[in-house]
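In the two complexes below, chain A is the common chain; its partner is chain B in one and chain C in the other.
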Partner chain A sequence: MTASGTLLGDGRVLGGRAMLRSARNPATILGAVLFPILFFVLFNLVMRRIMEARGFDYAQLLPPTIVVQAMFFTAMSSAYYVADDRRSGIIARFRSLPIHRSAPLIGRSLGDLSRATVSAVVITALGIATGMRFERGWVWALAYLGLALLFALAVSLGMGLIGYAAPTPEAAASIASTPYLPLIMLSSGFAPVEDFPDWLEPIVRYQPVSVTIDALRATAGTGDLGDTVPLALAWCVGLIIVFAALGSRALERAA
Partner chain B sequence: MGVSGIQVSGLVKRFGETTALAGVTFEAARGEVLGLLGPNGAGKTTTVNVLSTLLRPDAGSATVDGHDVVTEPAEVRRSIALTGQFAALDEALTGVENLALFGRLRGLSGSAARARADELLERFDLVEAADGRVSSYSGGMRRRLDLAASLVDDVPILFLDEPTTGLDPRSRATLWDMVRDLQAEGRTIILTTQYLEEADQLADRIVLIDNGKVVVEGTPSDLKRSAGGQSCVVQPVDPGRLDEVAKLLDDRGPLSVEHDLGTVTIPDTEAADLSAILQRLGQAGIEVADLSLRRPTLDDVFLDLTGDST
Partner chain C sequence: MTASAGPVPSTSAAPAAGTAAGLAAQVAAFAGRAFRRFSRSSETVVNTTIFPLLLLLTLLAAFSEAVEAFEGGEYAQRLVPTLVVSGLMFGSVGAAYGLLGDLQSGFMDRIRSLPVAPLTLLIGIAVAELARALAAVAVLVGVGHLFGFRFLDGPLSALGFVAVGVALGPVVVWIGLSLATMASSLETLGPPLGAVFLLLLFFSQGMVPLEAYPGWAQPLVRVSPITAYVELLDGLAGGGPLAGPAVRALVWSVFIVVGFGGLAAYRLSKPAGDRG
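Take a look at the complex of A and B:
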């Protein structure tokens, strides 16, 4: 008999717990599905004609933006859940169990990814209903979903860190909702990069949210794959490595 | 005593400027209920957190069920279960789902975890609440489920960190019975509490901690004895005659006269002495309103030794 459980076995059990917990929290569904749908509909009403008049194919451009935005919404719950687990003391109990020490991190990520998957699929279906096409075929459509989830994982690991640092779950939730707004507004998501002031343009162009949105658009057929996908992968994988390492350390110290 | 049970030697733990543990040493024999008693902030929970591998000590060592908490944390975790100060359960899950979760995390298969959960719900009188979410549970039900969650695996050592804090007297009595049953099964239990009565009721031995140090240890009766024997409290009908009472009885040892209470306390008195005391007071024509024997309580020990009011 081994002294500790396996990472995947324990992670899966804790992932099941995270999914059950999400499914029973109406606020989670709101963030993962209803808000993104609302944004999708509103942006179509407000911006579609303006952008099409400027020659942009808005049916292709908007869904990746809303998917990335939805990945933020789903990840924000993660900050709340981590802080809530600290408050209830269940994190300490997990740590006193003979399980793999990173299993709680894996479990939480599985829960976050399940919400993100639902969200990304719903928004993409809505996009297809309003004219979006995967012009490079279904393999690239899967790559699109995979990249969206990779981005979701990076953000949710980052949000988890807020959950470890915040004094209360409520504080965690409000801190977690802060970085999203500047990152998504100052990106290629809603306005072309060229429209930003010159001094801001390089930041807007190369920050992770823009890079990910551009790569998602490219996998669906708009833009060059080679210019966008490697950069997006580098950003997402880099953030995942850094945030996961910091998250494991924070978990070790949570008592 | 061998290597099982718990041995703690010179534990030191600092948090920044604060020294939470300043060299804590004690042992708990296998099958013993050891009460860790002390005021808030004395270092009880820090001690439990070090012993349950949640915190690394800065100095000193500890073995739990024969395993070193620093070098063999995984083995220690296999031998222990921790019931924290706050019932650490998932509020969104039902009682049975919580127990099944902890069963799976202790390596049971899905069906075995479920079967064990049903058994524990039965034992802890939670069958009716099994399918209700924990968020709807009362304080007493949570603590019972919390305790049940510590027993999904048959661990030899249990840490109960203030298991009855905030419970009403009936729920507390129920929980006490459950702890006694756990001891009867041969488990070693470390019980932290600020309730002296709780330690008196449950603990075989008590370790009193204050300011991160062990102040005194012993059985509850040892400790009470150390606070002095029985004393006799005399209350005359006329408080004006207190000094007269004191003069009459001052051959019985150092008396204390409590003017505000209208009483005189005579140390080291046996029941057999009472009639002689009454007789002497009667001969002097002093009417007695109340005469009683008082045993020292753990409160006396606690207040004597911790020095601050709790």
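Take a look at the complex of A and C:
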């Protein structure tokens, strides 16, 4: 430990590795950018009229949902990469080097956040092109981006845990794609919370994905900031603390 | 994978390779192998049963109220046929991955050195989809029943529903099989296939009625193969007309099997070194 490097310095080097790895893998780019665009277009196509008939303004409300969905997609690669690192033995190799022991975790997160940034910016630009507006000005638009990335960090740390638990990278990718579906479908993302069955409504309203989407919408002008942003921050920061702690433990135990 | 690759038809016991009986024996052997392979893969079980169920339940929870307010019918009645078709599409990705593995592991090259028609491997994989389709139909109909899906037209139509749902398995799988003969890796197979299936699913009347689409999209939605399949299943479950959707479903099925099957056969006819 004494001879090891600094957390941030080593993390930056490993972050560079993670970014190169993403940039050179077409499937990762597809997941981060192309699939969210496809979902954005298709949900607009299929649900816009039906939801607008219910007073649920898709032009303004859908982009934050797709941004959150994109954050899931970018994070899913993380599960695959972690499992792949375990298989290739590079995690064991990192441990034999004089680097900070949590640097691999930081490096991976930097790589994930770089993908998430590209993805969030592209989707939001597409949203603006189809009628979304940041009614509170550019400071809150930056807060929107920051909150999206905070959520991305929480999810990617969680997905990393799947990478440590899964037997193979392929299994990791498959398991990682499962939790996102109920979380995003049973959220305020695509339909108003009031439309869900009564017994389900409280869960839908307060689960982290809904809370984050609502806060993103509030920073763009729809909904109350005080009701949504603190709750979203609490969820995201709480998840980051828990997942990061579990992640560094898993990193130490990983073969 | 090598461990579960299963038996290859033995040249001495099988009927002469070129005869109809010989080809049937080859298809049967490969179908058995494909069936064992996917029934032992937890991923296929998840893709075939749990994922469509999850989609059914979450779509029902999220969109029932809005769609029923828009068109007035029971949403489960529309969704169960849709998820049968979408479950077959997305589930067939496993079959496509399996074929890609066979092409890359050298299994296909081994087949070429035997007196076996290479295409029978693909036909075998397609035939094995019957079993997966049956599982998907059974689970979706069973759970759909709890949420308002009903066979309103008697047991004969219900049987027709199951038969059509199961028969579509070996049809839609050809899209993935033909892409697998062109792909170089899982990364160049999975995402494009997923994108094609998403487009097919959303540009259909599977999730919402035709009137919910903007004018420019409506002609596309109307001719979509998924619309034809969903309307046929919907008709059999007790809703609409049968003859029109049945003809369109048949034409599309022939097109898919001949078109994508032909493409796959063409790719396989080239020596391994020439494939992308």
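Assume the second predicted complex is superposed on the first by the 253 of 255 C-alpha atoms of A that agree within 3 Å, B and C clash if a C-alpha of one lies under 4 Å from a C-alpha of the other, contacts with A are read in each partner's own complex, and residues count from 1 in each chain.
Here is the rule we go by: contacts are C-beta pairs under 8 Å (C-beta built on N, C-alpha and C of every residue); 3 or more make two chains touch, one makes a residue touch a chain.
On a predicted model such as this, the values are computed, not experimentally measured, just so you know.
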Put chain B and chain C onto chain A via the superposition and say whether they clash or fit. fit
Which chain, chain B or chain C, is in touch with more residues of chain A? C
Identify the partner contact of A:L142: answer first if only chain B is touched, second if only chain C is, both if each is, neither if none is. neither
Touching A:A125, do we find chain B (first), chain C (second), both, or neither? neither
What angle, in steps of 10 degrees, lies at chain A between chain B and chain C when each chain is taken as its C-alpha centre? 80
Under the stated touch criterion, which partner chain does A:I203 make contact with: chain B (first), chain C (second), both, or neither? neither
Which superposed partner A:L8 touches (first chain B, second chain C, both, neither): neither
Contacts for A:R93 in the overlay, against chain B (first) and chain C (second): which applies, first, second, both or neither? first
Taking the superposition as given, does A:A234 touch the first partner, chain B, the second, chain C, both, or neither? neither
On the A-aligned overlay, A:A245 touches which partner chain: chain B = first, chain C = second, or both, or neither? neither
Check whether A:N25 is in contact with chain B, with chain C, with both or with neither, and answer first, second, both or neither. both
Smallest distance from any CA atom of chain C to any CA atom of chain B, in Å, after fitting: 13
Could you give the residue numbers on chain A that contact chain B in one complex and chain C in the other? 25
Note: in the complex, chain A contacts chain B through residues 3-5, 10, 13-14, 17, 20-21, 24-25, 88-90, 92-99, 255
Interface with chain C, chain A side, in the complex: residues 25-27, 30-31, 34-35, 38-39, 42, 45-47, 49-51, 53-54, 56, 170-171, 174, 178, 181-182, 185-186, 190-191, 195-197, 200
Which part of chain B faces chain A closely enough to touch in the complex? 49, 52-55, 72, 74-75, 77-78, 80-82, 84-93, 97, 101-102, 104-107, 133, 149
Which chain C residues qualify as touching chain A in the complex? 43, 46, 51, 54-55, 58-59, 61-67, 69-70, 186-188, 190-191, 194-195, 198-199, 202-203, 207-208, 211-214, 217
